[in-house]
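Worksheet for the structure shown next.
Naming follows writing order (A, B, C, D, E and F), and every chain is counted from residue 1.
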Amino acid sequence: MKDKSNNYTDQAEVLVHALPYIQCYQGKTIVVKYGGNAMIHAGLKAAVIQDVILMACVGIRTVLVHGGGPEIEAMLKALGKESRFIRGLRYTDEQTMEIVQMVLCGKVNKDIVSLIQQQGGKALGICGIDGGLLKAKQLVVEGEDMGLVGDIETVDTSFLEGILDAGVIPVVSSVALGIGEVAGKALNINADIAAARIAAALRVEKLLLMTDVPGLLGDVHDPSSLIKVITNTGLKALKKNGVVSKGMIPKVDCCSLALEGGVKKAHIIDGRLPHALLIELFTDEGIGTMIEAG
Amino acid sequence: MKDKSNNYTDQAEVLVHALPYIQCYQGKTIVVKYGGNAMIHAGLKAAVIQDVILMACVGIRTVLVHGGGPEIEAMLKALGKESRFIRGLRYTDEQTMEIVQMVLCGKVNKDIVSLIQQQGGKALGICGIDGGLLKAKQLVVEGEDMGLVGDIETVDTSFLEGILDAGVIPVVSSVALGIGEVAGKALNINADIAAARIAAALRVEKLLLMTDVPGLLGDVHDPSSLIKVITNTGLKALKKNGVVSKGMIPKVDCCSLALEGGVKKAHIIDGRLPHALLIELFTDEGIGTMIEAG
Amino acid sequence: MKDKSNNYTDQAEVLVHALPYIQCYQGKTIVVKYGGNAMIHAGLKAAVIQDVILMACVGIRTVLVHGGGPEIEAMLKALGKESRFIRGLRYTDEQTMEIVQMVLCGKVNKDIVSLIQQQGGKALGICGIDGGLLKAKQLVVEGEDMGLVGDIETVDTSFLEGILDAGVIPVVSSVALGIGEVAGKALNINADIAAARIAAALRVEKLLLMTDVPGLLGDVHDPSSLIKVITNTGLKALKKNGVVSKGMIPKVDCCSLALEGGVKKAHIIDGRLPHALLIELFTDEGIGTMIEAG
Amino acid sequence: MKDKSNNYTDQAEVLVHALPYIQCYQGKTIVVKYGGNAMIHAGLKAAVIQDVILMACVGIRTVLVHGGGPEIEAMLKALGKESRFIRGLRYTDEQTMEIVQMVLCGKVNKDIVSLIQQQGGKALGICGIDGGLLKAKQLVVEGEDMGLVGDIETVDTSFLEGILDAGVIPVVSSVALGIGEVAGKALNINADIAAARIAAALRVEKLLLMTDVPGLLGDVHDPSSLIKVITNTGLKALKKNGVVSKGMIPKVDCCSLALEGGVKKAHIIDGRLPHALLIELFTDEGIGTMIEAG
Amino acid sequence: MKDKSNNYTDQAEVLVHALPYIQCYQGKTIVVKYGGNAMIHAGLKAAVIQDVILMACVGIRTVLVHGGGPEIEAMLKALGKESRFIRGLRYTDEQTMEIVQMVLCGKVNKDIVSLIQQQGGKALGICGIDGGLLKAKQLVVEGEDMGLVGDIETVDTSFLEGILDAGVIPVVSSVALGIGEVAGKALNINADIAAARIAAALRVEKLLLMTDVPGLLGDVHDPSSLIKVITNTGLKALKKNGVVSKGMIPKVDCCSLALEGGVKKAHIIDGRLPHALLIELFTDEGIGTMIEAG
Amino acid sequence: MKDKSNNYTDQAEVLVHALPYIQCYQGKTIVVKYGGNAMIHAGLKAAVIQDVILMACVGIRTVLVHGGGPEIEAMLKALGKESRFIRGLRYTDEQTMEIVQMVLCGKVNKDIVSLIQQQGGKALGICGIDGGLLKAKQLVVEGEDMGLVGDIETVDTSFLEGILDAGVIPVVSSVALGIGEVAGKALNINADIAAARIAAALRVEKLLLMTDVPGLLGDVHDPSSLIKVITNTGLKALKKNGVVSKGMIPKVDCCSLALEGGVKKAHIIDGRLPHALLIELFTDEGIGTMIEAG
C-alpha cells in the first residue's frame, strides 16, 4: 500500500506543480490554432480535446480555431472535382467553396464539438459567418485573385465574448462572409490567419499555433537548434536574413500579425507531441518556440 | 403629392394595424420549422428571411429549425451513394449520416445564417450536438432500427435561451448526439420532430410548421374545406376517424407532440405563400390551421 | 380568396419595407414635441398615440413632451381670469401659473397617459419638477421678466433614463422648478424649448417637432417650396437672410438649440397629417424639414 | 462651552435612541396616507415633508398617498360649479371629475413633489392612471352609482416598486383609470381606500393614516380613553358594539381592508401633532391607535 | 530529450487524469476541518495550503475551519495559567477564553491566511463572531456546564456565501458569540462540530475531517481493516455495536451531525499523508473513510 | 401629557435637524481611527459603537481602524516579556510581534466586532494580512530598523470595498504582511498611519482621528485657542513655525499624508467626549480641528 500511496502523492505533487501556471492563466484568453497531425491521428486528437477541456475547466477562456485540409481534399476527390491551379495555388471556384464550407462547418467543426461534449466539456461550433464574426473581401495576390479566398476586413468578437463569458469553448471554422464585390458569398480563409486575427481582436494572452515541426530552428537541418524564445523584432531579422525556412514563413508571419495586433505571446508548438498544449501551459517545459511582442 | 402622402398614410395604417399583434407576441418565444418549397424557391426564401428578421426585430424570441432533404439528396447523388431501403424507408448508414451532417450543418444552416446576417439580422447557426442541445438514442420502428436515425431523449435549452436572451436568432440543424449504444455518433433527426421537441422544452407560445399545403382540410379534395381552428382533442378525433390524409399524419402528430409538451398553439401553415409567417402573426388573417392545446 | 391573400401579402410587404428603418432606430432615443392641431382633433390625437406606442414597441426609446395652450386658455376664461400683457406677451402671475400647472400636469398630461395605457402602451406622466428634471431661473426678455416664466438652467435626466430603461414612455409637461430668486416656485416653460433641452441633455438621435405647417418653406407663399434637408449652418444663413418667416423663427431656433446641444437631427414635421411620426420614421417618405447638425 | 457640548451630547443621545427603530424599519415599505390638517397648515405641512424625507433617507421605502378635498372645493367654487347631491353625497359628473383630476394630479401632487425636491429629497408624482397602477369600475352604493367614483379592481405595483427600488418617494394621487362600462374615463377614488389597497398590494409593514383625531377612543367624549393597541378582530368587535363613532367608521374600515389584504400593522395617527410620523416611528412614544393583523 | 518530454507527457497525463474529478466538484462547496498533525509539521502544513489553493483555483468553493489546541496549550503554559478540571475536562474560565480567542483568531487564523496569501491564493480570516456566523448558548454536559464552552444555536452563512461568491477562501476560527445567559461573551466551540454545523448550513457536497488516523477501522488493532465506504445508518450500527473506538466517537458523531443536516458525504481522512486533500479529491484513490448520507 | 408629547416633538426636531447632514454623507466613505481613552472606558466605548452603527445605518460606508497599545502592554507584562529599546523606541522582536498580532487581531478586533454585532450592527473583523489589504517592507528610521515594524508599500482595497458594498462595517487591525526581506512575516503598523493610508487608497470623504486632546491648539497651554478649520498648507506652515506641539506632530503628519493622498477632509477630534463622532457629523457643532485638502 505504501508504494501506491506514494504513487498518489506523486500525482498530487504534479497537480501542485501546475498550480502557479493555472493561477497565471486563469481568466485569461488563449486562442489555439488546431491543425496538422494533431487533427488526424485519433490518439493525438483525443489528447488535444482533453487538453482544451482541462484548460477551460481551470478557467482559461479558450478559443479553438481549426482548418481541415485533408478532409476537404478527400471530399473533393470523392466528388471527382478537378482543381484549376494558378501559380501553383489551387483556385477556389464556387463549387469548391461549397464543399470547403460543408466539410469545415458541417463535418470537422461538429466532430470536434461532439468530442468535447462527450468528455463533459461545453462547446459551441460556429464559423466566421455566424454573428458576423469574420467579414472579408477577396484576397488578391500579386494582382490576381484566387477565387473565393478571403482577406479579413473586420472581426466582430461580441458573440465570441458572450460564449466565453458563459464558460463555453467556441470552436471556429475559418470561413468568412464576403463583403464588397463578393458580398454575401462564403469565403475560404487560411485558418492560421483567422486564428491570428481573432487572437488580435480579443487582445489575448497567447496564441498557440499547433504545427508538425518542433518549432523554429536556427538550422533547419539540426533539430537541436530550436530557438526557444525570441522577440518579434528578432524573428523579423531572422526572416530577413534567410534563416526561416520557406515552409515556416507563413507560420512566422501569422505570429507577427498576431503580436502586432496586440497579442502578448505567440507560440509555434509541436502538435505531434501528445498533450503539447498542457505541457506548454502547465509544466516547466516550454515546448516549441515562443515569440514575444516587441 | 396628395396621392403619395395618402399612400404613405396607408402604409402607416398597416403598421398601426399590426401593433396589437406585435404587443401580443413581444417577449414571447416562437419556434418556426422551416422547410418545403419555402426553402427552395429564391423569392420565398428571401421572404422567410425577412419575416424572421422582422419577428426578432419587434422582440419575438425566434428559433428557426430547418431540414434539408433536397440538398441532401443532391449530394448523395453527386457522390454516387446508393441507398438501402427497409420497408420503403431509406436506411441511414455511417457514410450517409456523414453527408447528412455536412449538408445540414455546414451548408443549409450556414447559408440561412448568411442570409439573415446580410439583411442586418443577427443569427447563430448550431445543431443538436452544440452545447448538448439534443441527445438521442437510436430510433426503433416496429422492432427495426433505421440506422443512424435518432429518437430524442433529452433537450437541454440552456444555451438556446442564452442565445435568445442576447437578441440573436438561433438557426438549428436537426442533428443530435447519440447516447447509449450509439454514444458519440451523430444521429439524423426528423426536423418537424426536432422543432416540436425544442418548442415543448422551451414551452413556447407558438410552433409554426411551414408546409406545402394550405393546412388541414376537412375534405382532402376540396381546398375550400380548410379547418381554421381546432383543439388537440378534436384533431385526434379527426385522425381516428380517418379524416387526416396520410401525408398530413406526421405533421399532425408533431403538433400533438408539441401541444402535449406544453406549447400553447401549433400552426400548420402554407409556406408557398410569400410572407406566410408575417401574415399569420401580424394581420387579421390567420392562415392555415391553428391547433390549440386542450 | 386570392384577392384577399394578395391583400395580406401587400400588408406583409409594408411591414417588411419598414424593417430597415426599425433596425436603424432600435435602441435609439427620440424626443417628440407634441402640440398644435395633432393635440386638438380626436382623429389626429388617436393616430399620434398609436404612432408613439408603435415606436416604443419596436424598441425606440420615446420621450413625449407636450404643451397645452388651448386648454389653458379655456380654463383661464372659465375662471374669469383677466390677463395683463407686456409688449404683447401675456404676463404669468401666480394665479395664472397655478392654472397652467394644474391644466398641463393634471389634465393634459394624464389624459395622454390614459390614452397610451388604454391602447396597451406603458406610460408615466411627469413634469419638470418630478425628480428634479428641469430647474429654471426667471426668464428675462429685453430687461423685463414675464412673471413666472422660466429659463432652463439644468436638466437632470437620471430618472428619465430610468423610465426609458424600463421600456416606459415618459410623458413630460413643460413646468420647471424655480431656483434663485424664484426658488421653490413652479415656472412655465415653452414646450418646444423644454423638448429641445431634454433632447440635448439625452444627446438623442432625433428631435421631432410637430407643427401646423408643412415644414420650412423657401417661399412662405409657395407650399411646393419645401426645404427637405438642410444643415444647421444653412438654416442660420437662411434666417439671417430673412427667408425664415416670423412664425417659424421660434421653431427654427429650437432646432438649432437642440443640434448645438448634441442632437443629431431635428425635424419640423406637419402634425396635421395623420401618422406623421410613422411616415417620417418608417417609410421612404421623409416629411417636413430635416435639419442636420453641422 | 460645557453647556453647549452637553447640549450636543443630548442631541447625539436622541439620534442614538432612534437607532433601534431605524434598524427595525430599514428596507421595509411604509404607506402614508397624507391628509387633513397636516395638509393645510404650512407648519404641519413642512414637518410632514421633513418626516417623509428622513424616513426615505434612513432606508424606509416610503409611499405617500394624498387626497385634496379642500383644494377641490375651492376650485369648484371658483368655477361656479354647482353640485348635485344623492342621499347627501356629492355626485361626480364629468366636469367635476375633470376638476378633481386637475387639482389632485396637477396641483396638490406636484406641490408636494416640489416641497420634497426643495428639501433635498427625491420624489416622483404619479396617479393611478400612470403605469396602470389603479384600475377601477364604477362604485355602486346601495344600488346607485355616484357618477365617476371608482371601486378599485386591480392594483399593479410594478412601476411603484421600480420607483422605490431607485430610492425615490412615489407621491400618489387617488385617481384611477376606468374599466368596463367606464373604460378610459378617469375615476375619483377615496384616498384612504387607495392607500389601503396599495399598502395591501405591496404587503407593507405599516399603513399610517394621518387624521385630525387623537386615534380611536373608548369613549368618544373622553380624549384620555385612547385605545393604543388593538387587533383587527378586536376592532371589528368594537365596531359591532357601536363603540366606534360614525366619523371613524371609514378610517377603521380602511385599516381592516389593509390588514386583511396582508399589511402587518395599520395606524390611525394624529396629524395635528407636528412630526407625528417621526414620533410614531422613531421614538418610544407610539401615538394614536395601532391595529395589528389577526 | 525524449526521456524528458516523456516525463512532461506523464505530468500532462496526471493532469488529464484529474479532469473528471475537477469537473465533478467545480462550483460545489467543500468544508475542510483542518487540524492535528497536518497543522503542526511544517511540511504537511505547506502541503495543505497548496491543496486548498488548488481546490479554490479549479473552482471548488472551499471553506477552511480550524482548531488550535497545541498553540492554546503553549500560551496557557507561558502565562502560567492553571486549569481547573471537571470530570476530567478542562473548565474554560473567562481568562482561559480570552487566551483561546486571542490564539485562535489572532494567531492561528492569521498565520493560515498569511500562508495562503503568500502562495497566491485569496483568503479572509474570520471567526464565528464576525457577521453573526455562529451564535451559541452555554454547553451543558450531564447537567454541568464547562464554563465558556458553546453549543451552537444558529449558523448565519450569508457573509460566508458572499466571501465564497467572490472566489475567496474563508478561514474560520471556531469561536462563537454567546446568546441567552452568556449573551455577548465569546464562547469556545469544538472545531469539528463547528465544521459540521457550517457544512450542514451550507448543505455542502463534502465535509473533509482531517485526523491523525487512517480512517475508521473494522478492527482498531489492524490498520488493514479500513472501512472505505459506509452509510450513516451503517456507521450508527457499528457505533451501537461497539466497533467504533472511543477516540473515534466524536469524529463519527460529527459526520452523522453533518450528514443529517444535509451534507452529501463526510470523510474521515488521514492528515498525516502529504496532500491528503488532493489525493482524496483528484485521484482514483479515495483515502480514509467516506460516510454517505442515508 | 402635553409635556411628554412636547418632549417627543423635541426629539423629532433633533432628528430632522440631523437630516441635511445625513443627506450630505450618505453613500460617502468615512474612515475612523479608533483609539485612546475612547477605547478604554466602557461608557465611551459603548458610545463609539453606537455612533458607528448609526453611521452605517444611515448609509455612510464606515471603516473602523483600531490600535491597541494598552492591551498589548498588559499581555507583554503578563508574559514577562522584557523589551529592548533603541533611541527610546521599543524594538519589535519576533516574540513581541507574535503577541501584537494575537492581541490586536484576536482580542481587540473581535471584541469590537462582538460589540457591533450585539447592538444589531453588521461587522467583519480583518487585518492587513487578509485579502492582501496591507503589504509592507521594514520601516527604517534614521538608518536603523525597529524590528518587525512595517512601512506600508501597497494598499489593496478590493475586499474592503466588497465588504462596504455589502453594507458591512470592516473593523481593521493595523498588522501588515511583509514583503521583500521580511517576506511572509507579520509586521506591526502604526494605526494612525494605517488609517491614513487606507483612507487615501479609498479616496474617502473624511478621515476622523480620535485622540485624547481637544484638537490642534494655537497655544498649547490655552484650551480655548482651538484651531477649528485650517488647510493642509496652513497646517504645514504652523508645524514649520513650531506651533504644533511635539505630541501632536505624528497626528498632524497623518492628516497631511491622508489629504495629500486624496482624502477631502481630515479631523482631529476629542474622543473623550461621548458621541464625538455623531456630534462632529450630525450636528451644527464641528468639534476638534478640521484640516482641508489644499
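Simple rule for what comes next: contacts are C-beta pairs under 8 Å (C-beta built on N, C-alpha and C of every residue); 3 or more make two chains touch, one makes a residue touch a chain.
Only a predicted model underlies this, so the values are computations on that prediction, with no experimental measurement involved.
Asks: By that same contact rule, can you tell me which chains touch chain C and chain D alike?
Replies: Intersection of chain C and chain D contact lists gives nothing.
Asks: Centre-to-centre on C-alpha atoms, which chain is most distant from chain D?
Replies: Ranked by distance of C-alpha centres from chain D, the top chain is A.
Asks: Mind checking the rotation angle between the two copies, chain A and chain F? C-alpha superposition, nearest 5 degrees is fine.
Replies: 120
Asks: With centres defined by CA atoms only, which chain is the most remote from chain B?
Replies: Using the mean of the C-alpha atoms as each chain's centre, the farthest one from chain B is F.
Asks: Can you work out the whole-Å distance between the CA centroids of chain A and chain E?
Replies: Chain centres of chain A and chain E, defined by C-alpha means, are spaced 45 Å apart.
Asks: Once you find the CA centre of chain E and the CA centre of chain F, what distance in Å lies between them?
Replies: Whole-Å distance between the two chain centres: 35.
Asks: If you average the Cα atoms of chain B and of chain E to get two centres, how far apart are those centres in Å?
Replies: Chain B and chain E have C-alpha centres separated by 55 Å.
Asks: Residues of chain D touching 2+ other chains?
Replies: Counting only residues that touch two or more other chains, chain D contributes none.
Asks: Chain touch graph shape: choose line, ring, star, complete or other and state it.
Replies: It is a ring, because the chains touch in a row that closes back on itself.
Asks: Name the chains in ring order, counting from chain D in the direction that reaches chain F next.
Replies: Order around the closed ring, chain D first, chain F second: D, F, E, A, B, C.
Asks: Where on chain D is chain F touching in the complex?
Replies: Residues 4-5, 8-9, 11-20, 22-23, 26, 47, 50-51, 53-54, 57-59, 119-120, 273-275, 278-279, 282-283, 285, 287.
Asks: Spell out the residues on chain E that touch chain F in their complex, using ranges where they run on.
Replies: Touch list, chain E to chain F: 75, 78-79, 98, 101-107, 109-110, 113-115, 117-118, 122-127, 129-132, 159, 162, 166, 168, 175, 177, 183-184, 186.
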